[in-house]
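For clarity, chains are labelled A, B and C in written order, and residue numbers in each chain start from 1.
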Amino acid sequence: MAKTNAGNFFEDFYVGQVIRHATPRTVTTGDASLYTALYGSRFAVQSSDDFAHAVGYDRAPIDDLLTFHIVFGKTVPDISLNAVANLGYAGGRFLAPVYPGDTLSAVSEIIGKKENSNGRTGVVYVRSTGYTADGTEVLDYVRWVMVNKRDANNPPPEPVVPELPSALDPQALGNAVPLLDVAHWDTDLAGSTFRFGDYAKGERIDHVDGMTVEEAEHQIATRLYQNTAKVHFNQHTEGQGRFGRRLIYGGHVISLARALSFNGLGNAFHIAAINGGHHVAPLFSGDTVFAWSEVLDTAELEGRTDVGALRLLLVATKNRPCADHPLKDTDGKYLEDVILDFDYWALMPK
Amino acid sequence: MAKTNAGNFFEDFYVGQVIRHATPRTVTTGDASLYTALYGSRFAVQSSDDFAHAVGYDRAPIDDLLTFHIVFGKTVPDISLNAVANLGYAGGRFLAPVYPGDTLSAVSEIIGKKENSNGRTGVVYVRSTGYTADGTEVLDYVRWVMVNKRDANNPPPEPVVPELPSALDPQALGNAVPLLDVAHWDTDLAGSTFRFGDYAKGERIDHVDGMTVEEAEHQIATRLYQNTAKVHFNQHTEGQGRFGRRLIYGGHVISLARALSFNGLGNAFHIAAINGGHHVAPLFSGDTVFAWSEVLDTAELEGRTDVGALRLLLVATKNRPCADHPLKDTDGKYLEDVILDFDYWALMPK
Amino acid sequence: MAKTNAGNFFEDFYVGQVIRHATPRTVTTGDASLYTALYGSRFAVQSSDDFAHAVGYDRAPIDDLLTFHIVFGKTVPDISLNAVANLGYAGGRFLAPVYPGDTLSAVSEIIGKKENSNGRTGVVYVRSTGYTADGTEVLDYVRWVMVNKRDANNPPPEPVVPELPSALDPQALGNAVPLLDVAHWDTDLAGSTFRFGDYAKGERIDHVDGMTVEEAEHQIATRLYQNTAKVHFNQHTEGQGRFGRRLIYGGHVISLARALSFNGLGNAFHIAAINGGHHVAPLFSGDTVFAWSEVLDTAELEGRTDVGALRLLLVATKNRPCADHPLKDTDGKYLEDVILDFDYWALMPK
């Protein structure tokens, strides 16, 4: 019994706790191929060694979200096996490029916890960091999750709620991108003629296309990330549960929406930071995902004449095209078909 | 609005127009693995570095059709986003082997256009060429597509219809194959004892096996090729359309039929040319694909004692075994279960 | 007609017959990625080049069962195309690590055959061996299959039934594992603190998690192994057959159960031998697989202080959690939801 990982409950976490997660993973071109096959991503830097090399990378780095999903997946057995919900993300930074051949591992620190008023669950705040084998930090981010208590009779802990930034300072961005030779940024090959200066704060872009998701696809993706959350895989149990079906990993939605956003943001080749994100509603197999973006802000990066930063709100819906940019109603409540509200900094060549 | 690619309409094309397509793609062993997993292809040259090296290649090249699909996929956002139908292929030549690590990009030239009598659509003729990063041409082929007009009131252009060969001259074939050391062609490992001399013009071969296609499979394949044609992916829209369901990429059918053809043509390891091809009827998820071949011709290649060429007609059906070699009825109309009519030159060791 | 492989019938096999199988296969990191994506395997040695190197491997070897499936797949066109059932496995040994870049090929020897009393089928016993290109044996195992006779009127052969070991001698194990530097076996990264000495004979472990299987997944897996058995792929034919649906390749079940067993056996990183195995009942798309293990025995390996061997019974069920360790009823009959009974030696660090 004790040899099986039952996951941690709310009581098992303490502020300051550091957890080294299992199963380091050497990322390969095989992972990159599967990522392309699962989402259809078309950003040239991540697709072509030659394009990447021409602009200043060693070769094509893997997609930033593939790094995110692999690091996230490692945290699941320790952090969220008994989670009720993944409530949000904040303060995510991409710190170094990751290339095929790099080995990723992850460490988390518990930075806050607070019991809910119902006495049965609590919220745990976690900062997770992804490393390559030589100790280089490639990603860190905070997420907070609602976790079951082992026993509702256990007394609540002293609440500790970390202060989280609503957005990253753009001056902290860009560490994962070498100084680019933008003269060699070929906009025909990149698929868009629109550069940093062509986007303005407040601009909204409907990404037009839709992508229907199948059970086999999200399961293949989620296993690729070695993410073991039970709700994604076990129809026998989920069929008797809240939704009657398997829940699709929220990160799958982020990657689908990001891939759709190529159509309108083709030069926004790199996610530099995740300011915040919420999975507003669940996605299920058979649903079709659409997406739109709003430019929340634009920023110059000190000392860099090659790239600028766009702060983007990426919204995904299910079974609802986004020509009218759906998000919230007049009361500030999310519209019912909205599934993702994701605020991030992207870099774009000038 | 303008930042999203709305695709080109019939009026946007002009004869002589050259389009450099987006998203160069470094092909990897990950792509080759996925190709095997999607079709179950078993040709030894493409499966084994050691087999390939023993007969004269550097190592295992990728499947010819994987090259075709990747090049084709690049053309979609510019050529066929507003296409009504992909009408046919002709004049396709495989010109150099493609190895994992090579980066593919594509350029197209518009070689003809002609408005249809309905005034709402027209046919565009396109020659597309695939290159590796050093400029080596690896593939070129012509396809013609029916494309919507932006406005039916626009006047028709002067019609230009290119002359297309009904078949490639066999003397132009074989550039993608090094001189083979056929003494090292191990027929046990290749899976067939039948060489070039064992096939005769007029011979028909039922490939016996059937392969059922799932939504997740064709979507994974078509995204792997970064092909963005909407009809393959968006059930929300297609559910309200002509067929009520997603249409499977025609190239997926070609690859399935070619993989099935191993059973009977195990030594036909290389597609040297595509003489012509038509997607006769659509394929949908849940259908089972069968295939048969006819040897249309055989040809010696000047100056080559290692390989000969078979001109093959590859026919695919859905939900209909091919023991009786179904193709057309007595009026010359395709039988209703026929989905592919594909005429190509294959090379085989002597 | 004769050019298509119709497969061998019972009469075509003779004891002492040696068959070199087709389609050598260079294994790549792409195959390893797909294996992870299909099963979610988390053993650190196979996941991380750095972990593997730190303990004594050159780099991460591929999963032992991926080697098994590829070798098995090669035997299908010659051995089991006309098989009625795959009856069992015995005497399987993993003899050398397989790394991405190695090319696998397979040879089989017929070691027994015996006609069934019905006169229409017979059992064929086959020892299959997998090699890398330099002739290194990486795997051998025996399986026996029930094969159709070509003609029930043909007289029965003299029965030859080989003596098969009920289990491998543990002293023959471990050849595929270099001498490990267990001081560098990081149990945080490995995902389990339990080493060889923590497991006792008779101990039972419920692996808790369940995994639902989709048609696209098992087809992608089985084609990846270039396994051509018709029953897995052809719904047109199978829809009219015994079960009305496609049968999932038995090896897919073994890999699912093995991946589930990580939860409880996280340090059992290597399959050293297959003592025996039976596919007790078929698995179909939509079913959820669960698994449990019993420690049948433990063994020290002479001359090795780094690793010990656990003899494990791995049982898989469908649509039935395994908290009560289901296997057989009081009459010794398998319970109806049991699908796999697999007896193997695993190695574990001390």
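Note that a residue touches a chain if its C-beta (ideal position, glycine included) is under 8 Å from a C-beta of that chain, and two chains touch if they have at least 3 such contacts.
The chain lineup, named per UniProt: A, B, C = MaoC family dehydratase.
Computed from a prediction, not measured in an experiment: that's the story for all the values here.
**Q** For the sequence-identical pair chain A (MaoC family dehydratase) and chain B (MaoC family dehydratase), what is the superposition rotation angle on Cα atoms, to the nearest 5 degrees?
**A** Going from chain A (MaoC family dehydratase) to chain B (MaoC family dehydratase) via C-alpha fit gives 120 degrees.
**Q** Same residues or different residues: which describes how chain B (MaoC family dehydratase) and chain C (MaoC family dehydratase) meet, taking over half shared numbers as same?
**A** Different: when the shared numbers are divided by all numbers used, the fraction is under half.
**Q** Whole-Å distance, chain B (MaoC family dehydratase) centre to chain C (MaoC family dehydratase) centre, using C-alpha means?
**A** The separation of the two C-alpha centroids amounts to 36 Å.
**Q** Chain C (MaoC family dehydratase): which residues touch two or more other chains?
**A** Touching at least two other chains: 28-31, 33-34, 214-217, 220.
**Q** Spell out the part of chain A (MaoC family dehydratase) that touches chain C (MaoC family dehydratase) in their complex, as residue ranges.
**A** Residue list for chain A (MaoC family dehydratase) touching chain C (MaoC family dehydratase): 1, 3-6, 20-26, 28-31, 33-34, 77, 100-101, 103, 105, 133, 214-217, 219-224, 226, 228, 230, 233-237, 246.
**Q** What residues on chain C (MaoC family dehydratase) touch chain A (MaoC family dehydratase), complex-wise?
**A** Checking each residue of chain C (MaoC family dehydratase) against chain A (MaoC family dehydratase) gives 28-34, 36-44, 47-51, 60, 188-192, 194, 198, 205-212, 214-217, 220, 263-266, 286, 288, 290, 319, 321.
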